[in-house]
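Just below sit the structures, each encoded as structure tokens.
Shared between the two complexes below is chain A, which pairs with chain B and chain C, respectively.
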Partner chain A sequence: MTAVPEIPEHTARSRPPAPSRAVTTAAPGRSTRTSRWQTRTAPWAFLAPVVIYLLAFYAYPLYRNLDLSLRHYTVRSFVRGDAPFSGLDNYRTVTGDPTFVPALLHTLVFTFASIAVQFALGMALAVFFAQNFRLSATLRALFLVPWLLPLIVSASTWSWMLNSDSGIVNAALGLVGAGPVNWLTSPDWALVSVIIANIWIGVPFNLVVLYSGLQTIPAQVYEAAALDGATGVQRFWRITFPLLKPVSAITLLLGLVYTLKVFDLIWIMTKGGPANASTTFATWSYQFSFGSLLPEFGPGAAVGNLLIVMALIAGLFYIRIQRRSVS
Partner chain B sequence: MTRSWKTVLGLLFTAIMLFPVYWMLNVSFTRDSDMRADPPHVFPFHGTLEGYRAVLDQQLPYLGTSLLIGLGTVVLTLVLSAPAGYALAKLRPRGGGVLGFVLLVAQMIPGIIMAMGFYAIYLRAGLLNTVPGLILADSTIAVPFGVLIFTAFMAGIPDELLHAALIDGATRWRTFVSVVLPVSRNAVVTVSLFAFLWAWSDFVFATTLDGGGGLRPITLGIYQYIGNNNQQWNAIMATAVIASIPATLLLILAQRYVAAGVIAGAVKD
Partner chain C sequence: MTVRRWITAAAATTLLVSFPACSSGTEETSSSDSSYAIWDPYPQFDGSSGWVQLLTKCGTDAGVTVKRTGYDTTDLTNKALLAAQQGNSPDVLVVDNPVVSTLAEAGALTTPEEIKADTTAIEPNLLAAGRLGDKTYGVPIGANTLALYYNKKVLGAAGVDPATIKDWTALTAALQKVKATGKKGITFSAIGTEEGSFQFLPWFWGSGAQLTQLDSPQAGAALTLWTDWVKQGLAPNSVLNNTQTTSWQEFASGNFAFGENGTWQLANAKKTGFEYGIIPIPSAAGGTAPAPTGGEFVTAPVQDDTGRYAVTQKIIACLTSTDNALTTDTTLSYIAATKAVQEKQVAQNPELKVWVEAVGAAKGRTSDNLGTKYPKISQPLWTAFQAALSGSSTPQQALATAQSAAAK
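Entry: the complex of A and B
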């Protein structure tokens, strides 16, 4: 959930244009020797803060997390830092846990159901808004609101809307004669509830990225198709959809990466419950490390690292597709 | 289908999409006695401000902390990412491609895993429950994004502009501060707005790294309201409304600023 619709466009353009070697030779009164030294080191003087930062605040926490997952920690050894090395024990504990299979399934269902519906709705809305009627731009901007709200705000609003007794959703269902559903408190519906809320949050992102993709398709293509007598449905499946494939792939993969990460929403709405009915890897990992009075940092870190592996596989696909669309 | 019908349809879709936002506003003004009404009141006819009064009484310090953390994150993000973006876009460093790749991958690491690593480090460093600790952690959400945006934006600055500065005898640092940064104002605003918004909205780092301190951000303020099994939903939703103000402002401001057309004007002059 932490991205901006601009990312795919910007990164796609992020290759600098032609090299500017002339810059250094153009500087008057400097020997070529210092210039060459400058060309090599000056960039890294500007980059040093970020490199140090990445090492200290990305690489090191990740290393610490890996280390946590390979040692047997108790609260005491966690504070003192003398936990014994235990190899892959934590990973064995985690995969042997009765929650492992449900948590894996929930992670997959949550991720794929969310991005499938988000993408379908986002695509439909993008095609609709691309027709440039009056107010189209304003309404499109308003669609961004769910995506910009703090997750705690969305999650608590949905919690109250889905409340079994006083929620507006059950009241609306009652109007059409459908029985009240225990959205957040029944094991059958908890996962569905968090998926619904997550779809609501993700639709704007899909809409914006796909809309910007639609803008790159030249109008003449559609005009030619219209001359040939293509219907609206044909135009979508024969022109829009194929031409939008690169953008779609990037949207789906970014969606995948961001949805795998979702923790706040589920934790705030259901805490992974009831009876682990909506537990995913992200909430399970938190549950281990912070969810009880007796933290189990080892298994928590192990689950977290499994999640990283899933995210990185998705991420590498994303980078491959993006590279291809740039070149 | 005529154009005006499309507008009607568009309004309908938008209304459905924004219904939860309306509901948040509606509940924030609803009296306690009407909260459990069946069916729920779709409009707060007997509106009350008691929810907002509760916010002012209890949540002001949280809002202050969030503001401080948000601003701190913005400063840290800008200081780190603007020079890096300049170097990657214009100075063509060796290994720049690798760094760009690392930044892309960095964005994919789940926050909850970063949080666990930070927790282990902060526990020993004594940074748990501190504002600087939370600023550092929150900036990890924004820094990779910031570098990518600055790189993309600064790559569009014409080389002639930078040559001119160098010929006038300016050092690279001088060029960066007095030419590149002013021209990149739009990128600065965009990165600042998003860095602020993400720090303001952060829940993962707050709940793991700031669980027991006195200075807590607003996201934890709302979470505590819910966690205490507090049934004062008007107060919860009123806090939510106030916590949404930065997002609303961003939506208005970003629309003006994100457009990157200023560069062309800078060259003409």
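Entry: the complex of A and C
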């Protein structure tokens, strides 16, 4: 590892410094002026690509989304670009909509239920695989499959499996004598179904991050605990869990941001239905902007911004926790 | 030091050079461009297909080259709106009929009068879908609509004569007979999108209900019909999540007596391996219910350079001419928009007769001067039938909620 960066450095150093010396001797005054100009501008030239990239792909879209949510857009004003400024009207429309409270609740339930189970399962599997038994590497690789599959594939497969009439899940339930469940088409089950599918997709991420976190805990700590007579359960709660806290915190934060914005899975499986029973902010925002024949960009952008604010609050909360643990 | 200086210079030069390069790129589209852009919602057709070859030929005949792009149909509305906003609309836009009034409302489309296209031969009920105010935007290229496909074997085993099904009572009775033989009754698509509304409308209109009054007793009867079918097991619960394609797959499995589906499935119907027939969708009191029209309009988006319209007009006239319309509608499995071509189609394929009649009775979703109000009615409507079919509210409650949402 260390040998690789040394090579270019070495060759650069061994190169004769002749040309640079030649310039200084030829015209000293001009050279210092140029080099001062260069030292001042060079950092900016180097910064420019990333600054332009950030402005074009992060700041501008965010600004546009904010702008969209503060104007009254109709198809006509969208095309002409003369939508009147309407203040917080779109936000009022959205919060006054009968779908708002259910969508908010679904978003929270979906996010927290998904994260809690994903994290618990991911942690259990990480501890399990940390024991390095035979085939553990193969099994661990297999657990990554949900993560590698394109979402359209896994979501479509889930929706076939959960089909009320021809799905394999209901067929299996029938074998053990349980009645069929309308997984995707009953208002009581639709949200549960998409949560189950989302948990399946999210477990590998939690497993991988927590597993790598486990590798950083020195084995001596466990040995010492074992000598002191700590049981397996005690070792987990007294050593593994506290030492994994920083890794857990970042896993949960990333999971939260990732889960808040889950859209494709729900859209493919239930379209947010039946009758909004599995609508979250992400699908609702899409529904406004692209889901019907007449796009409503204003309210769509407003819902999208509410999602961003939710993720932002979670991020600030994370930073606060981290600061406190450092001090 | 030298190495670093070189890099700095290189970075600075790249930046300086790349900026003017960017700005000159946008100026390329000049008005003297002899390439005409056509967008259509048929991504399934590639360069070797009859449709794309026709586009190329129509361009060549008009003395220009054609640049064709096929988009997914749901994608095309937004693409077209965005293009109108950026001022780089295509010269010819082939777009789904309920979208026409939306684009017209946006001021993105020219009227046939402006580009002097001839629409006199077009059936008025089809043309009405492209109406906004007192102007019609675009020319229908063909139409499709819904009817009931039936499985002859399943109906025969249940002792049902499809010719006797003229109203809802007869249909429900037939479904019950089929269920008694252990087969399944009917499948349709009641998904929570425009597709679901499209499938519900024949029943909605067939009850005598109007889109301006979603909570009328007639509308309640239509929704109760669907809800009872699902409750009694005459229709599967999966209709709530069925697209028209998945609903077709259920029908094609051979277990269903009826499948509500469109003209475009005719080619697939021959591949099912069982004998099928087609009847029009019955209305509540008897007779054929008005089904919604599907199919695209050929439109001419507004251009900065009005000089382009002359060629655009030639291309549109070529696409909608009798011979070409026949080829196009056969390729798309559509019914033509003019009487003359419809007669030719039936002469070629007598099976199409029932579809020609269905299209004759059909009605545009944006007709009745609804225009851009239709999308705001359609969405509450699909929420209503989803709520009723899933049992989260009664048909009457669901429709009352829908009406208050649509009236906003």
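Details
Everything below uses one rule, namely that the second predicted complex is superposed on the first by the 270 of 327 C-alpha atoms of A that agree within 3 Å, B and C clash if a C-alpha of one lies under 4 Å from a C-alpha of the other, contacts with A are read in each partner's own complex, and residues count from 1 in each chain.
The rule we apply is simple: contacts are C-beta pairs under 8 Å (C-beta built on N, C-alpha and C of every residue); 3 or more make two chains touch, one makes a residue touch a chain.
Note that the coordinates shown come from a computational prediction; the quantities given were computed from them, not determined experimentally.
By the touch criterion stated above, A:D165 is placed in contact with chain B and with chain C alike. Touched residues of chain A were counted for both chain B and chain C, and B has more of them. Once the two complexes are laid over each other on the shared chain, residue contacts for A:A42 go to chain B and to chain C alike. When the two complexes are overlaid on their common chain A, residue A:L294 makes contact with chain C while staying clear of chain B. In the superposition on chain A, A:S285 makes contact with chain B only, while chain C stays out of contact range. By the touch criterion stated above, A:L54 is placed in contact with chain B alone, chain C being left untouched.
Using the contact criterion defined above for the overlaid structures, shared-chain residue A:R134 touches chain B, although it does not reach chain C. Once the two complexes are overlaid on the shared chain, A:V117 sits clear of chain B and of chain C alike.
After overlaying the two complexes on the shared chain, residue contacts for A:V79 are found with chain B and with chain C alike. By the touch criterion defined above, A:I266 reaches neither chain B nor chain C. The intersection of chain A residues touching chain B with those touching chain C, taken from the two complexes, comprises 17, 19-20, 38, 42, 46, 49, 78-79, 81, 159, 165-166, 290. Per the touch definition, chain A reaches chain B in the complex via residues 2-4, 6-7, 10-11, 13-17, 19-20, 22-23, 26-28, 38-40, 42-44, 46-47, 49-51, 53-54, 57-58, 60-65, 68, 78-79, 81, 125, 128-129, 131, 133-136, 139, 141-146, 148-154, 156-161, 165-168, 171, 174-175, 200, 203, 257, 260-261, 263-264, 268, 282, 285-286, 289-290, 297, 300-301, 304-305, 307-308, 311-312, 314-315, 318-319. Those residues of chain B lying in contact with chain A across their complex are 3-4, 6-7, 9-11, 13-14, 17-18, 20-21, 23-24, 27, 35-40, 42, 79-81, 83-84, 86-94, 96, 99-114, 116-121, 123-124, 136-137, 139-141, 143, 145, 147-149, 151-153, 155, 159, 162-163, 166-167, 169, 172, 176, 190, 194, 197-198, 200-201, 203-204, 207-208, 211, 219, 222-223, 226, 233, 236-237, 240, 243-244, 247-248, 250-251, 255, 258.
Chain C contributes residues 1-5, 8, 11-12, 15, 74, 77-78, 81, 84-85, 98-99, 102-103, 105-108, 191-194, 236-238, 240-241, 250, 372, 374-376, 378-379, 383-384, 386-387, 389-393, 398, 401, 405 to its touches with chain A in the complex.
The touching residues of chain A, counted against chain C in their complex, run 12, 17, 19-20, 38, 41-42, 45-46, 48-49, 74-76, 78-81, 98, 159, 163-166, 182, 184-187, 270-277, 290-295.
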